[in-house]
Amino acid sequence: MSENKITFLIQCHDSKGIISKVTTFFYEEGFNILSCQQFTDNIQESYFMRISLDAQDLKYSRKELIFKFAEVADALNLQWRVHFTSDKENVAVLASKTTHCLFDILEKHGEGKLQCNIPLIISNHESLKYVADQFGIPFHYLPIDSENWIAQQEKILNLMTEYQIDLIVMARFMRILSSEFISAYQEKIINIHHAFLPAFQGANPYRRAYERGVKMIGATAHYATDDLDEGPIIEQDVERVSHASTPASLAQIGSDIERKVLSKAVKYHLDHRIIVTGNRTIVFPETED
Amino acid sequence: MSENKITFLIQCHDSKGIISKVTTFFYEEGFNILSCQQFTDNIQESYFMRISLDAQDLKYSRKELIFKFAEVADALNLQWRVHFTSDKENVAVLASKTTHCLFDILEKHGEGKLQCNIPLIISNHESLKYVADQFGIPFHYLPIDSENWIAQQEKILNLMTEYQIDLIVMARFMRILSSEFISAYQEKIINIHHAFLPAFQGANPYRRAYERGVKMIGATAHYATDDLDEGPIIEQDVERVSHASTPASLAQIGSDIERKVLSKAVKYHLDHRIIVTGNRTIVFPETED
Amino acid sequence: MSENKITFLIQCHDSKGIISKVTTFFYEEGFNILSCQQFTDNIQESYFMRISLDAQDLKYSRKELIFKFAEVADALNLQWRVHFTSDKENVAVLASKTTHCLFDILEKHGEGKLQCNIPLIISNHESLKYVADQFGIPFHYLPIDSENWIAQQEKILNLMTEYQIDLIVMARFMRILSSEFISAYQEKIINIHHAFLPAFQGANPYRRAYERGVKMIGATAHYATDDLDEGPIIEQDVERVSHASTPASLAQIGSDIERKVLSKAVKYHLDHRIIVTGNRTIVFPETED
Amino acid sequence: MSENKITFLIQCHDSKGIISKVTTFFYEEGFNILSCQQFTDNIQESYFMRISLDAQDLKYSRKELIFKFAEVADALNLQWRVHFTSDKENVAVLASKTTHCLFDILEKHGEGKLQCNIPLIISNHESLKYVADQFGIPFHYLPIDSENWIAQQEKILNLMTEYQIDLIVMARFMRILSSEFISAYQEKIINIHHAFLPAFQGANPYRRAYERGVKMIGATAHYATDDLDEGPIIEQDVERVSHASTPASLAQIGSDIERKVLSKAVKYHLDHRIIVTGNRTIVFPETED
């Protein structure tokens, strides 16, 4: 078995025979199915599937595979997409002043734990340049204020196009993206919010967590949508805190949750494990493949 | 060392010498200090302390101890209260239809893990009578509707007085208590809310958690206040869930969190480990004493 | 969709086309596949699958289904077994003196959370009779000492046969079963060990955990085998503890982990989610079906 | 309140009046007690205390404070030590080939989360030099084989003396230190073992965890003693795994637990929160001070 895989993500209205027909198609095309995960949503009557194939079994062109599968898909009324893992995705990281999320992503990427290219880091502050330099990644400083924010977003979009960015990771980037920006990258912008959503949406979640006297704090990674902190949640985690925590110490404890959650979410996305349905995500758990 | 303890809970404005003066007082009165926990809130400039003494060291009457300590307290401007653990508190449990929280409390009480008396269980449904019977505890059925709710609350208050209730535990009791009721039992009503506050306050938290697509659900035990689900949080916990969970399965998973959290909060209260400050709680962690 | 399901558990040497052929068989027999989970063990080159079908789709007898599937299975060299969820399993609970695990199982069973019959409880002490009585389940007291243990195991085996027991749950039952006993119920005896295996096998794990100064304790549910505490692990969980814990308080904290872990393991077994492979278990996670 | 603190760690045989006398001493010397944590071990009849004072309140020399406190300590038969937080400890990090633990420490140190100096990194491989360079810390490459290991340990000890090292952190350093080495740095060598001790002591814990089929894996930070992986445990943590994990994926999941646990243990040590008693540690939990 080679390293490279072909991953199909499929969704449709639930009905009999889907798994049989889809798996049979791949079998008859000569593929070894490395992994087949599915989920039947009985409430929405929807069906979701993730199939991972050994890329070595592809005996003809990608175009042909896509064409052939499209026929099956049309017959079964499937929505679908396919990813070839040998094509690494290009990921842009947006950061502001906090280091930890940016660090974690760059470190995991450097160790080969995140299969992607990171062509650039963009920040509205200069202070994180040293981190980008440490990892040898181009750093673009774009200072932002209320007047120039729209123009700067234009610049960012241009950079995204120039570098053929597939995924934008907002690693504690503290500006709110416009609707236009978000539409351009629907389900391709992952944001980390430093609270356990839907608690403490918006600004100063650590201070507000302190004031509410919660006994656990958390972080949430989600796809950015027009509504701040309301997009589909990908991953969350928490840690216990106590009355002894202050907003400052909550931020410290929270930083380790944020980095873990964001990196996990980015990995799920890069491994093509996520299907967005409505405002929720189906996340096919990590098996080997 | 005997089983019985004398627990002092103290708070005041922070200043030098409090721990020295208080511990010296007890030492000079012949007490062995079993446990001394403190917390200095630098933000509020407040000081909180919990001291646990060996009741066997009390060589005179309780009245005398209280009188003597009051002098120290006045000199230091302390707010304080004292509990003698040989006096078991009387706990009333209010329940509606769900069994698990009620069960957990009765089971732990039966095994001596909750040091208290449970003289009665009150419910607005008859369905839980069998649980009360299993544990041999008097069951009071008080049907409730929007017309009679105020009158029924009167009845409940009368029962609380009659049975000399010190703590009311709302074990998934689904009616909202009036301001008058709550004032009568300030910081003596513990409620379990089946969500991770401040997320999903109010009704149907499991359905709303499902709709929001959260990846973890939780439960929160808090003191009831006039504002629904907004009172000081005592304890919280969470469990991981996934896209595969439905509102029904979330309620199942949640039930085990609710019972654990409620019983823990009740134990903290009965062990006199909680001081309420503003809308937050100081919870002195469990050591042996 | 009805409540009742037909669950197939399958294993074989990994090869191409299994999922296609198996799912196609069920589809062609008119079944709606409610759930299909698989796992490819690349190290052992083994393949495991759990398929859950809507029992309502069975248009002929069970015998026929078994016969037909056997043909597919033979052709593919599958090891397999099938369960019809409308057939509730008979579960016997063995207990000694601790209540909490027994309580949790009886409570969950009473609330319909464990789909099974519990025809009897067996104990080598009388002290738990009141728990059996609370739940209205026949209690068999079998006092045990080193002389009569073999004879008593005979008696227990006879009871197992008499009540057509499918699963034996050792809920902190503190005697070691003989090889003969265990062979009679291979992979049908679930034991809870009050430690996080493989740490602290054998006696007094809480005391030994205290002495080792661990910062977390746990419990492990596993299938009983000839080697004490070495059988395939089904489920484990942990809780944080501190230097302040004594063997006694560790036992208290541990009791809540034990009950949770044992009940979870029993549920996995009753839901036919477990395949034992070597000394490990494949546990297909809980989805709705 | 200034940033700098004076931390006393005290232990003795338990008896009446210790907290009173010690806190009164500090009060009378003009100190504000920022934090006072104690633990009475009823089994060993020992008493432990950690007191944190505002360094700004020190109105005379350190020598004088030490002299004065020594008198109190002698009278009460206390074992004690004092730390002045303005004196940063010198920490040496020993690493082999894995990056993650080293990275986490250097990153947290760079962000001011670990209050110490890191004058050097020593490794028996060259591959981690780039990490040391990234953080601008001198890297000493000392290749090791069975013949030169004793000599190399001499070199390391010399470097420890030269750099006045107070704490040695073994960040997945894979050689076993000699008794002589360990005696030289009693309770000053923190090792991370990539398993949840006492499970899987020694080599290849991830492979062995895989073979045992555990459902959780963990990591343990402990003080190194003569007996491999048997020293006093400082901190542990776990993560859930499943049958789908291989030794390789366990190592990946484990890496994030290892780094978190090691950094936490190092911080506890640097914050003077640990007292070793027998083979266990008292760890005074983190409050603000």
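A, B, C and D are the chain letters, set down in written order, and residue numbers restart from 1 in every chain.
What we mean here is this: a residue touches a chain if its C-beta (ideal position, glycine included) is under 8 Å from a C-beta of that chain, and two chains touch if they have at least 3 such contacts.
The model shown is predicted, which means the values in this text are computed figures rather than measured ones.
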Partner chains that chain C and chain D have in common: A, B
Chain separated most widely from chain B, comparing mean CA positions: A
Computed distance of Cα centres, chain D from chain A, in Å: 36
Between chain A and chain B, centroid-to-centroid distance (C-alpha), Å: 41
Contacts with 2+ other chains: residues of chain B: 39, 42, 244, 246, 285, 287-288
Touch-based graph of the chains, sorted into line, ring, star, complete or other: complete
In the complex with chain A, residue positions of chain B that touch it: 39, 41-43, 196-200, 211-216, 218, 232-238, 242-244, 246, 278-283, 285
Chain B-touching residues of chain C, taken from the complex the two chains share: 99-100, 103, 107, 111, 113, 134-135, 244, 246, 249, 252, 256, 260, 285-288
In the complex, chain B residues that touch chain D: 1, 16-17, 19-21, 23-24, 26-28, 31-40, 42, 285, 287-289
